[in-house]
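Dropping the structure in here first, questions after.
Letters A, B and C mark the chains as written, and numbering starts fresh at 1 in each.
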Amino acid sequence: MAISNGDLAKALGLPLQGDPGVVLDRVAPLDKAGPSALSFLVGKQYLPLLKATRAGLVILPEAHAGEAPGAVLVSPNPYLDYARAARLLFPVEAPEPGIHPGAVVAESAKISPTASIGPGAVIGERARIAEAVVVGAGAFIGDDVVIGEASRIDANAAIYRGVQIGKRCHIASCAVIGGDGFGYANDQGRWVGIPQVGSVRIGDDVDIGANTTIDRGAIEDTVIGDGVKLDNLIQIAHNVVIGEHTAIAGCTGIAGSATIGKYCTIGGAVNIVGHLRIADHTTITGQTFVANSIDEPGVYSSGVPMQANRQWRRNYARFKQLDELAKRIRQLEKQLEERTP
Amino acid sequence: MAISNGDLAKALGLPLQGDPGVVLDRVAPLDKAGPSALSFLVGKQYLPLLKATRAGLVILPEAHAGEAPGAVLVSPNPYLDYARAARLLFPVEAPEPGIHPGAVVAESAKISPTASIGPGAVIGERARIAEAVVVGAGAFIGDDVVIGEASRIDANAAIYRGVQIGKRCHIASCAVIGGDGFGYANDQGRWVGIPQVGSVRIGDDVDIGANTTIDRGAIEDTVIGDGVKLDNLIQIAHNVVIGEHTAIAGCTGIAGSATIGKYCTIGGAVNIVGHLRIADHTTITGQTFVANSIDEPGVYSSGVPMQANRQWRRNYARFKQLDELAKRIRQLEKQLEERTP
Amino acid sequence: MAISNGDLAKALGLPLQGDPGVVLDRVAPLDKAGPSALSFLVGKQYLPLLKATRAGLVILPEAHAGEAPGAVLVSPNPYLDYARAARLLFPVEAPEPGIHPGAVVAESAKISPTASIGPGAVIGERARIAEAVVVGAGAFIGDDVVIGEASRIDANAAIYRGVQIGKRCHIASCAVIGGDGFGYANDQGRWVGIPQVGSVRIGDDVDIGANTTIDRGAIEDTVIGDGVKLDNLIQIAHNVVIGEHTAIAGCTGIAGSATIGKYCTIGGAVNIVGHLRIADHTTITGQTFVANSIDEPGVYSSGVPMQANRQWRRNYARFKQLDELAKRIRQLEKQLEERTP
């Protein structure tokens, strides 16, 4: 798509300073932008690049509006307005509606005529596929699955029977939704599977990354709230509940029946133990191991620093003595007290 | 399925207290169960819920048999008997036997007439698919793969050439079994792949979760013992051996040639270094880094506690001084000894 | 394949000691090798096995050439020469060229007549598939993807639109290349996706493991250099750059815009924070959390040791006091100084 500075300013409702007639057809970082590129300024470290940029338009905060050589769009939240502008330049591609002849659709499935079902996709019995849904090539949609308006399921994703997906969701390739939860009873050393008869309910505007897995509930459902964003390679175990508008970075694992609040930000490679509760508005930094519930919102972390291997090895060995060292400190303190005249 | 209390008691061989004529058709937690729901009591914290439950039947330990308002089934292992009862209510769905016209099956493959091969599934040369096996939509079964009786391979899983899978296994969607192990020789900085000519042998009653990967062996086979249960997003490297009836939670990684014992319980996000040996009956808690072999069964752990970020940062910084702090304690002790009259 | 000792020695350009007429048709470890098996010696711990081996040929360093009972091939790098020899015995299987009738190929795609496109594979508009490329069953190749000569894409992998893949690459099953990066702007608590308009560029001789994910760039491309080897279940976020000939073990995650040097070796389950730089020739051991850039090559680590759970719990609790303990040590030192006559 191509759009002029003037039209873009109008679409975003932002004040333009500079030539409204410049036509934009791409995005670029400040230092690589040419005259038809949209760019943005977020972070003072990029100010030197702003001063030298050749971008056709820069979205930036008011404080720096005077420092760009070319046209600017003044925004209270430049990154957000960049997101909107870039979406205008790069609309989500909508494939032709219709069912590809290489798809396999059960007779009892209800597919909107505006939906697009790709080659090799399989749609199960009684599945309901709403308007403008896109099911990619080779994606598997099980029996009784419901997919809301304008959601996209990418190639080779797998949605097990009965999963409910809201509107405007995006599920990336090889994500697996609704597989059996990991639940077993022990019979004298042998594991006997607990039938996982719950399902997965996914709200509206949820993004689920590539190869992320969300298990169906054991009895009740696993629930992903509206607006939740999940990165790649995340494991969500059975009966987890994730509150609305929480974002979780890649490689994080959440064990069974944990309840994550709304508006949380959870870093990558975090692991959350089962049955815990995480308060709304909590931030957890990357690779934190969460073994206790979090009742108060705030920023939480764990871990020890990376060091050169040789130095680390010494400290690593001492960790085993930590309790003993603490006792020796107490002992020293006592001895000194006793000797105090 | 629907089943009466009386029939369920008979099927499980357990003593029923209460109305044998109640008909069950669902499962539910104690506090949400209605008169046609089966429920169970595991854990004293749920006793208050038991007393108020409306469940048609509760499976519980003898000690609490008198505390339920309705019918109960007394069990020495209520969770196990719940698993069995729930399986009776929710039998594994068996699709129609036969090869879907949209599947692609090599002429030399041998498929039992009682097996079900889904649309888009691909079965390689000389593959052998036993009775009652279910191969899901889009699953890939390579040349010379052998799949034992009643095993299920879910949609979009990939089984590379020559992998052997036992009876009653369940392999979830997008699991990948038998990919090349990560083995390279170094040639002046460049990596040259070691042909991975071993395979993967999987015993009976093995469950493998969604997006879990099990690599084929370099020379000999990677081996997964009978009754092993693997959760989602687990990495099993080449030539790992996992003993019978070991259960491993999600996001765990096991490096090459590690040997895991029988009846182990390994938490989520554990990482086990290559070439180690883990004793039978070992328990490893979540996110533990296992850098040494474990010779004695027991419970093993590593890691540091999560804290509010501000507090954690202080302790985190001190970790780099741990060896120095220990030496200063020793120094203080010496000084005090020297001064002791 | 079968090959004689003499022919193998000639092919590798290495001096043979022993019978050139022995015919090899398999590989085996020293202790399990029979007379038609090739084996190798790497590591002195295997010397006792060497002395008793029945292998038809052993590749080994000169120092131990006299200690084998049978024929040997003397090599300055036995593991590397084993890799080459094993590849001669087990050449990569090349399926028949041609497009399977069950594949779906866009009319505008250009497919070399020597390429092989498997059943159920989908090739998008304007994709370019070079000579001797193998696209496995059910693999998805998006619009405008370019795949260089002799690269192999395994069953059920997904390559999003516009990704460029070099020559002789190998992408394992269910790997996902070019999914959207995890980029959002925040709008009063709600996340608004940043269009991810960059792509992924992959060099020559790159291996990508099963279920590994590599996201497309936000504005510019994510770049994987020549000769990079990625194991299974790795997450590479948007705009990461990985230098040539770096190898990364399974379950590692690299956050957005991190730049990894050339010739690095990164262990399993490592997590690297976004926007960092890692120097060329750096080694990072398993499960290290990399929260700072690494400017000097070397070996880097983090983490605390595994212990029996009971011991670990004590030290774990003390970690929360570490800063306080350090201050008490300082206090003791001061008190002792003050009392020094």
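What we mean here is this: a contact is a pair of C-beta atoms (placed from the backbone, for glycine too) under 8 Å apart; a residue touches a chain by one contact, two chains touch by 3 or more.
Please read all numbers here as calculations on a predicted model, not as lab measurements.
**Q** Which neighbours does chain B have in common with chain C?
**A** For chain B paired with chain C, the chains in contact with each are A, in label order.
**Q** Does the chain A and chain C pair touch with the same residues on each side or with different residues, judged by whether over half of the numbers are shared?
**A** The interface of chain A with chain C is built from mostly unshared positions.
**Q** Between chain A and chain C, what is the gap in Å from one C-alpha centre to the other?
**A** Result: the chain centres lie 25 Å from each other.
**Q** In chain B, what residues contact two or more other chains?
**A** In chain B, the residues touching two or more other chains are 120, 138, 156, 174, 211, 233, 251, 303-305, 307, 317, 319, 321-322, 325, 329, 332, 336.
**Q** Can you check the complex and tell me which residues of chain C touch chain A?
**A** 104, 120, 122, 138, 140, 142, 156-158, 160, 174, 176, 179-180, 182, 184-187, 189-195, 197, 211, 213, 215, 219-220, 233, 235, 237, 251, 253, 255, 271, 273, 284-285, 288-292, 298-305, 307, 311, 314-315, 317-319, 321-322, 325, 328-329, 332, 335-336
**Q** Which part of chain B faces chain A closely enough to touch in the complex?
**A** Touching chain A: residues 26-29, 32, 77, 79-80, 82-84, 86-87, 89-90, 100, 102, 118-120, 136-138, 154-156, 170, 172-174, 205, 207, 209-211, 227, 229, 231-233, 245, 247, 249-251, 263, 268-269, 286-287, 303-310, 312-313, 316-317, 319-323, 325-326, 329, 332-333, 336 of chain B.
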